[in-house]
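Structures for review follow.
Here subunit A shows up in two complexes: once beside subunit B, once beside subunit C.
Right after this comes the complex of A and B.
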């Protein structure tokens, strides 16, 4: 197990290094002199020079990269070019609402996806299975932001049951917080629910044909015990990987969904930063997201090894 | 004693093509599959509507010439009008045109680069392959929409840059898949015999291996066109795509969002066009997969 963990950790190092170089390049790849572009058209040469010093753009590129990594390691993400506010402060405000949305979407996806997939897998070609196919086909055609607009229109604008925009911190008012979270989380979680349901269906159906299921039945276990304790338990292992791999899509989807429901969060921060050409914010947010993504996938791989001893030996 | 083999007889030229040609055989299986046929018909209608948009509409998409704002659907304006008295029917058709053209070009470019990259890495092998694949791993660490956002940041928001971003993020997946295909084919006997005949690496890769390795990549192309449609619509929805007054499906849904109380038809028709486009592409991808790979067809 130890060698598996070490091997997996070592694999993550070059990926992290290359990903950080890619993000670092974002600022350097802007056509023309970044300092000129960032300073704007009506900046004086002196102002541009100050900015160039400030960004350290006159140093050789490798020096700039090492310095940037050093700053990141110390938790210094730079300051907004527009407002001078440290990016860490902006992220402290923007990250919690987005993580909250991502977590709620995962809950919805798991609560719908796993049971639906299990039932469809146990009873292939049943009404449930047919319903799952219909659900999957539906989600393929409707991207999350379109579903978001539909939900907004139906439940917020027409019926007025739920608020159309904004966010309330769960620490201030848990109930109102949930009301604000419900529609965005459904919009974002539904697509993932279909993905999870399809995987669960496939793995459960495969598991139901195994000998250990016949053994469990022969022991006289009840149907639900056979399914939940034996078939589902083994089927959930690959689901761990799917859940981790989908994190990137969920975070990216959150950026768009926040726009639909006018929620504060990373989405607003990043999109505004792009439109204002505030590159430092974009660069810092990207590196944070990529590091989270790589770490979660690493954790999923390690969990996989823990849950399924066969993986370790490969 | 001579042995005579029975001649294969076909009732028609068509049957012969279907039996002997991989392309026509796959196409035949594709249209025999109800899913594939449905996908093909819907996609055909949408592509037709996009290509012939100037002939099928009678209002300029960007001209504010309708008599009133937010007119409900009528014979004159089948999809109603928007906040600037523009005809939503022509805006939807022209928006569809933008989405389709953008997705097709960007995926064609991205898949070509990715396949070349993967074939090269897989054929050469060794440390070159290892280095190239770590690079691809790093790119895959970025979820598609995020790397698209990063590229639009570098190049600035515009429809052309969205296309570049989509082409860019489709490269790593195609590189991965085509490398795997190359590894599977590289050591087969027909490659060895081509080498023995003195064929050079370029000829071996493109004349011999590519035709055998390309089939699974076609499914990927169809899936990526669907994801390109979806990502470009999301970027337009965020206001990072086309510039006003041009229309795109995502952009139309974005402006519709602010006018939900006033006009139910505003999000409905562009939304429907987007949903049908994505649905038909996904159905088609599934059917293409079944058609070119009869062994993988579901047992059901």
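Right after this comes the complex of A and C.
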């Protein structure tokens, strides 16, 4: 198992290298640079050039890239070009809100999606199944930001039940933290719930027609035991894959949802940094996100072994 | 040169005329134009749009206590020269913890603030400033002449202080050739030549504690003397202030009344609006226009400090003829811009000057929208067009809408344009490098100060400017004004000349005032009064019902 993990981690190195080149290059393709913004409109072209020099932006692109990678390798994520605040400090502030949001969204998706999909898979063409279809069409058809605005308008503005913006640390006030998290997590998690429900329905329905299900029934197991222990468990591997792959969507959705709900997370940090051409923040944050994505997918691979003994034996 | 207002000392309050004479400024904060403003006689008690506001019309005595919950849409920028450069990102920290030594309070009337003496020599090549005794910064350190001079030194040589960036005030700071500290609270400045403008420079130069400036650069501390004490900045999240119980003007102002102010950062304007509607906020600088329109009585519009304008590159073959440019000037439907794009906030105007300016001309408050006259002018000029005129604008929604509307206006009189959208950062670079080929829309500030200051300080009026406009008349007006008392009859004659060429030989087309609405909640009282310079709201007069 350890050699497997090491092997997977080594595979991540070229992925990270390619991701770093892509992030670095794409940023340089956007017109304007940090010196333009910091200098403002009153600066002379000569002053902007001096500033560019000071920021290290006059060096050839490959030199800038190697310098950045060297700093990253030493664990130095750099300093915001615009504000001078260390990126690690910004990440300390921004990562927890995003992880909270992602985790809460996953919880909502799992709690809604898997039971709903399982029931629909066990009872195809039933009212449950039609209900699931309605739910998936309704939620997948509404973008998360629009759902977020609707939830905001209803629960924060009209009813006043939940806060419209901000974030409270669960360490300071767990209840208030949940109140602040509820609406953005629902907005972000509902779409994922629909996706999971559809996959679960399909895989569970397929499993229900298998011989081992008939055998389980013949053994006299109760319906829920047949479904949960046999049909659902055998359906989980593709669902775990989907859950892991959806992390990218969750993070992309978080960018928008964090702006709608004014949560001070990574999404907002990156968007603001892009608008300000704060290369260092964008580069370092995106690399951190790539690392997270790789780790989650590794965790999903490891989970296969837990779910299916045949995988462990291989 | 006359010098009858060269001394501002003790309790003497110079006349507005006196003060203007000494004022011609380096302006702060072109970018902050939408967030700052200046008061005038009409607007001191009401919203700048003239609408009576219950928040200021109330006659109850101010109540102490409470925390004002404000919002802004960008995070702070502390490292590029704050507080000596006024950035749009910093509206609250520009207003609450710091102060200059003198201020223009209402209607260009000057008051001594941190200074008890402010005295030019006869030819205005030198100035002596004496600080009030007993002043302390928020951290308890005494305010000294060294702290005062520190700001000038930093603007002159920012790199020496680890600052990357440029300063709007650098031209004025560089005019200071010597800063001689006479005592702990007294300093004598010598300028490179006689300068009548320097009062405005000092009216915009805040004083902060030199020894703790490194903490200011990183956002850990701001030790000024203002009515509110900076407590904490959490990047991207929140900024908090507490009342300064020892504020040096507490006795005469009665304020500050609030216990504190907290400011949250919203990445999205609509999200800010929803938070306001849910009762989480008391003050929005730059609210969504529709929300402001729904809450008209709670909305204030600071008096304009300049214009949103369309620039014209007079070297473009189609724009060389002044008659064509005047036709364009008269083809823009300014009332429609105000009504449709600005939710009917602000007043239609055809001049940069607010009513407090000595250059203000009531006739230029008319829309001057006359497409029929434009067509006649084009016919006189023998208008023929081979290809559309390039028309640059930012990709932000407001500018896209404005450019599209103007494009239609120009099409109506037979002028074709081609819209060229640019990302705001790219647009900034084009603007700074003066590379607009035909037309463009943007804004400027500083017209609320001495007109000469506006000419010297703002890009569209400087020499060279982005329009490459250099008529002998305009250059002569500028040269004359540099020698004249800004409020003298002779100067006013020059303003009249300027206002004539402004319409007859234009290089800028006024679109609308540059200041946007500010929205408060029902419980806010006392908001809506502004200092002229520095252009901030009088937060110390604000209280909560």
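Quick notes on this structure:
Just so we're on the same page, the second predicted complex is superposed on the first by the 248 of 314 C-alpha atoms of A that agree within 3 Å, B and C clash if a C-alpha of one lies under 4 Å from a C-alpha of the other, contacts with A are read in each partner's own complex, and residues count from 1 in each chain.
Everything that follows uses one rule, which is that a residue touches a chain if its C-beta (ideal position, glycine included) is under 8 Å from a C-beta of that chain, and two chains touch if they have at least 3 such contacts.
These numbers were taken from a predicted model, which means no experiment stands behind them.
Once chain A of one complex is fitted onto chain A of the other, the partner contacts of A:271 extend to both subunit B and subunit C.
Touch criterion met: A:152 reaches subunit B and subunit C at once. In the superposed pair of complexes, A:82 makes contact with subunit C only, with no contact to subunit B. Of the two partner chains placed by the overlay, only subunit C lies in contact with A:165; subunit B stays clear of it.
Of the two partner chains, neither subunit B nor subunit C is touched by A:65. In the superposition on chain A, A:90 contacts subunit C only, with no contact to subunit B.
Of the two partner chains placed by the overlay, only subunit C lies in contact with A:48; subunit B stays clear of it. When the two complexes are superposed on chain A, the residues of subunit A that touch both subunit B and subunit C are 30-31, 149, 152-153, 157, 259-260, 271, 275, 277.
Contacts from subunit A toward subunit B in the complex involve residues 14-15, 17-19, 21-23, 26, 29-31, 124-125, 137, 140-143, 145-146, 149-150, 152-153, 157, 248-249, 251-253, 255-256, 259-260, 270-271, 273-275, 277, 279, 282, 286, 289-290, 293-294. On subunit A, the positions that touch subunit C within their shared complex are 30-33, 36-45, 47-48, 51, 54-55, 82-85, 89-90, 93-94, 149, 152-153, 156-157, 160, 163-167, 258-262, 264, 268-269, 271-272, 275, 277. Within the complex, the subunit B residues that touch subunit A are 134-135, 137-139, 141-146, 149-150, 152-157, 226, 230, 233-234, 237-240, 250, 253, 256-257, 260-261, 264, 267, 271, 274-276, 278-279, 282-283, 300. Interface residues of subunit C, counted against subunit A in their complex, comprise 30-31, 74-80, 85, 87, 159, 164-168, 217-219, 234-237, 264-268, 270-272, 274-275, 277-280, 422-426, 428-429, 431-433, 459.
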